[in-house]
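These are the structures in question, set out in turn.
Next come two complexes built around chain A: one with chain B, the other with chain C.
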Partner chain A sequence: MKHLAKVKNKIGQYILVIFVTLTINFALPRLAPGDPLLYFFGETTINELTAEQKQEALHSLGLGGSLWEQYWTYLKGVFTLDFGTSIKYGVAVTEVLAERIPWTLLLVGTALILSLVIGVSAGAYSAWNRGKKRDLTILTGMLTLESIPGFWIGMMFLSIFAVQLGWFPTFGAVSMVQDGTTWGYIKDVVSHAILPVLTITLATVGSNYLLTRSSMLESLGQDYMTVAEAKGIKKRALVFKHALRNALLPIYTHFTLSVGTLLGGAVVIETVYSYPGIGRLLYESVTARDFPMLQGVFLLVTMGVILANLIADLTYPLFDPRVRNRKEEKGEEITHA
Partner chain B sequence: MFKKVLGLISLAVLMIIAGCSSSESSSEGKASSENKNNVEVEELRIGVPSDVGPLNIYTGNMDWLTDLVYDKLFSPSPYVDEPQPWLAESAEQLDDTTWHVKIRSGIKWHDGEDFTAEDVKFTYEYYRDGPPNRHTHHVSEVPKVDTIEILEDGETLEFKCAYACPSMATITFADLPILPKHIWENVENPRKHTDLAIGTGPFKLTAYEPDQYYQFEANTDYFMGAPTVNKLSMPIIKDSTAMFNALTSGEIDTTTRTVPAELQETLQKTDSMKLASTSPLSIVQFGLNYEMKPFNSEEFRQAISLGIDRESIVSTVLLGQGRAGEKGYPHPDSPWTNPELSTPFNIEEANNMLDDLGYEDSNHDGYRETPEGKELKLDISVSSAEPLYIRTAEMLQTQMKEIGIQFEVKTMDPATYTAAVSEDDFESYVSLIGPHGVADPDQFIMSHRSSYLWTKDLPYPEMDELVSNWMNATTIEERKAISFDMQTLYNEQPTAIALYYPEEIYAYNADVYDQYVESLGFGIINKFSFLPEEAREVSSTTPVQLVE
Partner chain C sequence: MRKTTKWIGLTGLVLFSAMLIFAIFGPMMIPYDAYKASGPPFQSPNLEHLLGTNDMGQDLLAELAVGARTSLFIGIASAILAVFIGGLIGVLAGYIGGRFETVVLRIIDIVLTLPFLPLMIVVAVYMGAGIFTLVFVITLVMWAGKARQIRAQTLSIKHTGPVLAAKTMGASHFYIFYKHIIPGVVPIFIPQFVTGVNAAILMESSLSFLGMGDPLTKSWGSILFYANSRSAFLTEAWMWWIIPPGVCIVIVVLAFSLMGYYLEERFNPRLGDYSVREKRKKQLVKTKEHHSSKGVLLSVESLTVAYPKSGDYRSVVDDISFAVKNGEVLGIVGESGSGKSTIATAIIQQLKRPAKESGEIYFEGNLVQHFDDEGLRQMRGKEIGYIAQAAMNALNPVIRIDKQLQEAIRAHYQLSAKVMDERVVEVLQKVGLDEKWRFAYPHELSGGMKQRVIIAMALINKPKLVIADEPTTGLDAIVQVEIVQLLRKLQKELGISMIYISHDLPSVLSVTDRLMIMKEGRKVDEGPSVELSKLSTNPYTRVLIDSIPTLYPKKETVEVSR
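Up next is the complex of A and B:
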């Protein structure tokens, strides 16, 4: 019962956060100077238009009303899942989003999992072998990776594997010409995705690794490890059951937060690989000042982060009995008082 | 155990890499085995750097792309001496304000409907009365078309202008794409129209995926002959590095993005790659806000122009790839530009003029103060998306120091920049102006009305007199002579100073296709490059100039 009340309370807080976010999402793009006319007319033509012509154009794009009117339409839209029509693409914002989300999920999702698996296993391995040569080798490698910017890795990969060796395509998510078979399509998608996925993985694996390693080192130093070792528990069980499980909490937090940013795509990497994901969409919409589209993308991203936080909040206790017990104890103390 | 896990992961990655590499190489072989010495090419892949939507001229603009799908009454453009009849069979000027145009018969729209005189009448009226786009002022203002009637034969149109319109055929007819009436009369809001463009042109737009690609198929029934290329595939690649990666790896055969100076040598060494140099008929300009002090003084503007060392901008910023703007504004390659124009570099004279105007450095900080003794500090606004213009602005800042004028470069994101310039919220700027602005003589008049080079309501007696003479002139020759005078006047007190005339370098894989021609102002990727010999001849195209 008590748990349920807490959940309700949490949800209430989140609703407030969402409302504030919605308002900021509306206001921010409009606070920036500039309007979508540049996209429509190009630099040359825009100089030739009179002020009335510009007003007329803005009006025909649905940006004519007062800010309050636009805000009201936007809020209504959010609750009916109608985010309006993208100015640049001329179709419903939801339609554009639906087209882009799968690509971003494929790219960033795969990379996130790869990065987690590799980072955690390497981190655990390193911590277990702390101070040995293999630990230092991995540590140096990971630190190097962590300090290289992702776009640079991307550009190097492109120049080596796509241009020099010709193993992979240099741009896009699929080829313009398909052979028509499902298998061919899958191969095509995979070959387009490999380099960007590897790039994002390499750019993010370092933080997973370092976090796991330090967290593992901490739990390896605990008394219960000595006890467990003294009990003669096998090495594998020691690492996984005793050390890693205890070290997982910060890693879990880190992971859920990155799941939240998942929907934001990877702006830079998607640009380097000309990949049609959410990140690139966001960038394009900012340059075109496509307000409805921007609202849609921002909403998606913020919802992703809020949802991931909510899930993390709610699942901590299930995940780590210590959190659950502590909270319950505290709760009882308060009620007693 | 961990070693095993890591080993397995790397093995898996390697296997995927190997699997994909084999499939890639086989598909590439297919593309390059196509034609040699044979005019017919199945597919040509052209990388384009920006997305202009489904070729609706009310929402995006890229003239060479629009031209693939649409035709104009005359061809190729207003930028050549004498455009020739295209959708029109002939045109005749009856008196100062009347034109008769006979259209070709038997032409069909891409959707199979007949092209008729009704379409032409509809298009011109739509441009005149409907929402503005970059073409509309050619019927609504300069020149101003009053009535358009279809004569009894059903194939001849009569245009009547409000005042003399000798250049209808050479400019208006050569600039306005003809739209299909049966589609556009039902379009409610042209700015929200997203259907694929339907035209009469040599290529049908068959697919468009926003931010990803365009696909075109040849219109084999084209009235000027079937195109030499069957299919044009155009991936949209915005990043410059990505674009040239794709070109080098053979994923595209050419691109409309100009080759950066530092890449030229590498590309030239690549087998099968040819580089062509073209004049894009554009000017990189230093725009001054002539409505505010001190730029509202014509002598001050002249002094600024005298103080600019255009040659050193070209050699430093462009590494020589371009021409210094010493022949002023508009573009010297346009047949409509006075060949005698000159905008010299003379620091001494600039300094004298500023002294005479009372701008003196009274506090000896190296910069002049205003005649009232106040500090003078001016901004140069420039878009962050244009690194070359930023560097140009920085050089201007240094050069202006030589004549004691303090400038500061203000970089802002593209949309902010455009808003600032179009809302008159700037002091000066560096930007590019394209062919329509600097090679079209009617546009020069328009630019003096629209606030770009001057504003309608601001007094400018000398120019006003020339403009009224121009409006009264009834022949092209007379008008050209008056235009030349206007240009001379303009360059003596420019409001947008020509800095340099950029040069564009195209790179293309000559093994795949080598039949390009240059169309002035459009580079080598233009519709005539994909049309048979006869069509190229009537369109004043020139052979490609290879970079040695």
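Up next is the complex of A and C:
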């Protein structure tokens, strides 16, 4: 039906986005001023190279030959999952990425769910009590929360709860020293994750709240709410079954999309907590001028966003019967039954 | 409500002005150079250094003031650029249309799909750290959203009457642009700009915090960057180093959020309210309980409903009294806006805020205004059924028909799933719908079928009174007749009382026993339907009766006009 055609159209767009990302990765080191080798090896190494070695390096990096040849070699590399070698770590970019992904997923996944649950409940509550004092109180609080940069919340938490009070570790995802038990390991991981998860939750809960509130207000104003109320159903069913069920549609889309953006957005918070996820890796590659790594992270995060988009598109019909494809035919529409 | 909005906007303006003054005059007033050591490192706040010093002995307050300039400059400059570029592209795309628009929309989609923070970082790294890099990358990710919204606005203006008229008269593009498009689009530039500054300042702080800022210029974000990378946490000075820049960012961003909220409400007020009432207050004290004359089911006494309008209240229902007897069908007729529907919602106590109601409504001798929430809930759907307008939206679009019907039963009776399903099938048959439709969603039904479902829903608990509020609006002529006939049949069969509200006099005459004519919230005429249609001397009633295009009396061969 219509929805399917829309998804097909979108897939075309996603392919285009990946293509654009690849092109950005390809073009930036070549467009940027100075020696492109600089971006791949760093200054110290470059100064030690002879002219011949440089020539060789150019070729091995796919920087020799015409631009089209270079582009072709580059694309071939990407499709065989060869993103090059990390300058900082000296191993394949993909290897470093694989090591970091689980940590980011742990942080972002937990935080997203928390933020969704809190944001949606608060938003629904607020909308139901629109204009009352408690609505305005929550609204002001959430707007303020929305105005606080996530990394600053992180710095404050770190100073207060980790450094001053010593309740939590100050950096990393696991301690250097382990007691060897599984239970001990889990406790260690959790204690490292609590502050970052809390920070990401606080940094994202505002947008979930605001979206829920406005989308609830929208559905509360609909005719079907008047009709449902006139049936005499209870307040709870009115809020949850009728209003929230409809309001959830845009929230669901927003949620799946934020999964993707958060992969990249966690960069500042992971940096604050020195948490070894994808975001921190991006920051490290910047400071270490590890350009192959930087490109790899950028590509990975883009893929994450696109994957999230695709999941949102494909699963949306589960939540909205109007775009669902009905398998069984219900017979022709009988107007004058 | 409106007053609160104004206050919110004003608060935002004050906060922003304070920060602006700090940014402009701060560096002049503070006697220290933010880039030079002016005291011992990690100095705690004292009279000389109000916020203390950092690890290099630089005055923190001086840093903050210099940082304000940088952060505000970057935020405002990138917002202006993004709105300007996005605006230009959006207006052109909307106005020109065609292939150009398609290409632009595609580009916008791509930019919006790319993860913005990594994109900014990657581009900034190659460009080299600096203020203009920051402005560039923020603009780069921000223009697209602006362009999309401004394009939408352009489109809506492009298709308005005046523009189309100007086009037909051969106006030049320049003229249309200058006279119509620009004045129509520019007002939304302002809220776009405000939300833009908001986002830009947050982005600037994040990027500077990651070390993308100009290493030689301080901004709030870069102060925090240095605090973080030089482990400010471990020192005594952390509070004075970390808190002030954060608070400044929050204040500015909040200021722009508040101003944005104000502008949004002002230019784009949310229409429509919902019908959830305030907790009931017992405002009517002296009442005659058990006010029931024999055979009267519902009696409404001097009901007045008013809505606030420009500081005053305007009555939409003005001192209306009427009664409905057992088994009787009362028609309420009037133009749209005459207050008919308001009476319906007043009876079931579902008036929308901020309506003000006075007068008394007695159902079976009990004053409904005295019912508590639970009492009202039990009355609705069980004692009084409500048939809404056959508008598109009266059924919940995401819930299956049978669930919506069952829910109406479950609100008042506890029955097994099987019995409930039987009830649903039975009532669907009664309204002439095949039982298979109970597994459908509302969008799969035609307008007439949806209206049958709504009727079934109102009748499912065999109420004593049914209020049908324009039950045939929006349906085509043949279906209208069918619905009217169905209602009449069911009313006779079940012996229920009914209030039938419509602006369509012929259909009302065919259903009702008695008739009430309304105009501008007032009752102008009342009487038995047949009598009224033939004998009324009221001029307004006559106008209505005489405007029925065909001779009416034979009910079965009615030609219903729309």
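We take it that the second predicted complex is superposed on the first by the 256 of 337 C-alpha atoms of A that agree within 3 Å, B and C clash if a C-alpha of one lies under 4 Å from a C-alpha of the other, contacts with A are read in each partner's own complex, and residues count from 1 in each chain.
Here is the rule we use: a contact is a pair of C-beta atoms (placed from the backbone, for glycine too) under 8 Å apart; a residue touches a chain by one contact, two chains touch by 3 or more.
Since the structure is predicted, the reported quantities are computational estimates derived from the model, not experimental observations.
By the touch criterion stated above, A:117 is placed in contact with chain B alone, chain C being left untouched. Look at A:254: by the touch rule set out above, it reaches neither chain B nor chain C. In the superposed pair of complexes, A:6 makes contact with neither chain B nor chain C. In the superposition on chain A, contact of A:169 is made with chain B only, not with chain C. Of the two partner chains, chain B is the only one that A:53 touches; chain C does not reach it. Of the two partner chains placed around the shared chain by superposition, chain C is the only one that A:309 touches, whereas chain B remains out of contact.
Looking at the shared chain after the overlay, A:272 reaches both chain B and chain C. Shared contact residues of chain A with chain B and chain C: 32, 39, 128, 155, 158-159, 162-163, 170, 271-272, 286-287. For chain A in complex with chain B, the touching residues are 32-50, 53-54, 56-57, 60-61, 85, 88-91, 96, 117-118, 121-122, 124-125, 128, 155, 158-159, 161-163, 165-173, 175-177, 187, 190-191, 194, 198, 236, 271-274, 276, 280-281, 284, 286-289. Per the touch definition, chain A reaches chain C in the complex via residues 13-14, 16-17, 20-21, 24-25, 28-29, 31-32, 39, 128, 130-131, 136, 143-144, 146-152, 155-156, 158-159, 162-163, 170, 217, 220-235, 237, 241-242, 245-246, 249, 260-261, 263-265, 267-268, 271-272, 282-283, 286-287, 291, 294-295, 297-298, 301-302, 304-306, 309, 319-322, 326, 330-331, 333-337.
Across the complex, chain B meets chain A through its residues 1-2, 5-6, 9, 13, 16-17, 19-21, 23-25, 27-28, 43, 45, 53, 58-61, 131-134, 137, 189-194, 210-213, 215, 233, 235-239, 241-242, 245-246, 248-251, 385, 412-422, 431-434, 436-437, 443, 446-447, 450-452. Against chain A, the residues of chain C that register as touching in their complex are 1, 4, 106, 109-110, 113-119, 121-123, 125-127, 198, 202, 205-206, 209-212, 221, 224, 227-228, 233-234, 238-239, 242-243, 245-246, 249-250, 253-254, 257-258, 261, 270, 272-276, 345, 348, 350, 353, 373, 377-382, 384-386, 388-389, 391-400, 407-408, 410-412, 432-434, 436-437, 440-441, 443-446, 448-449, 452, 454, 457, 478-479, 482.
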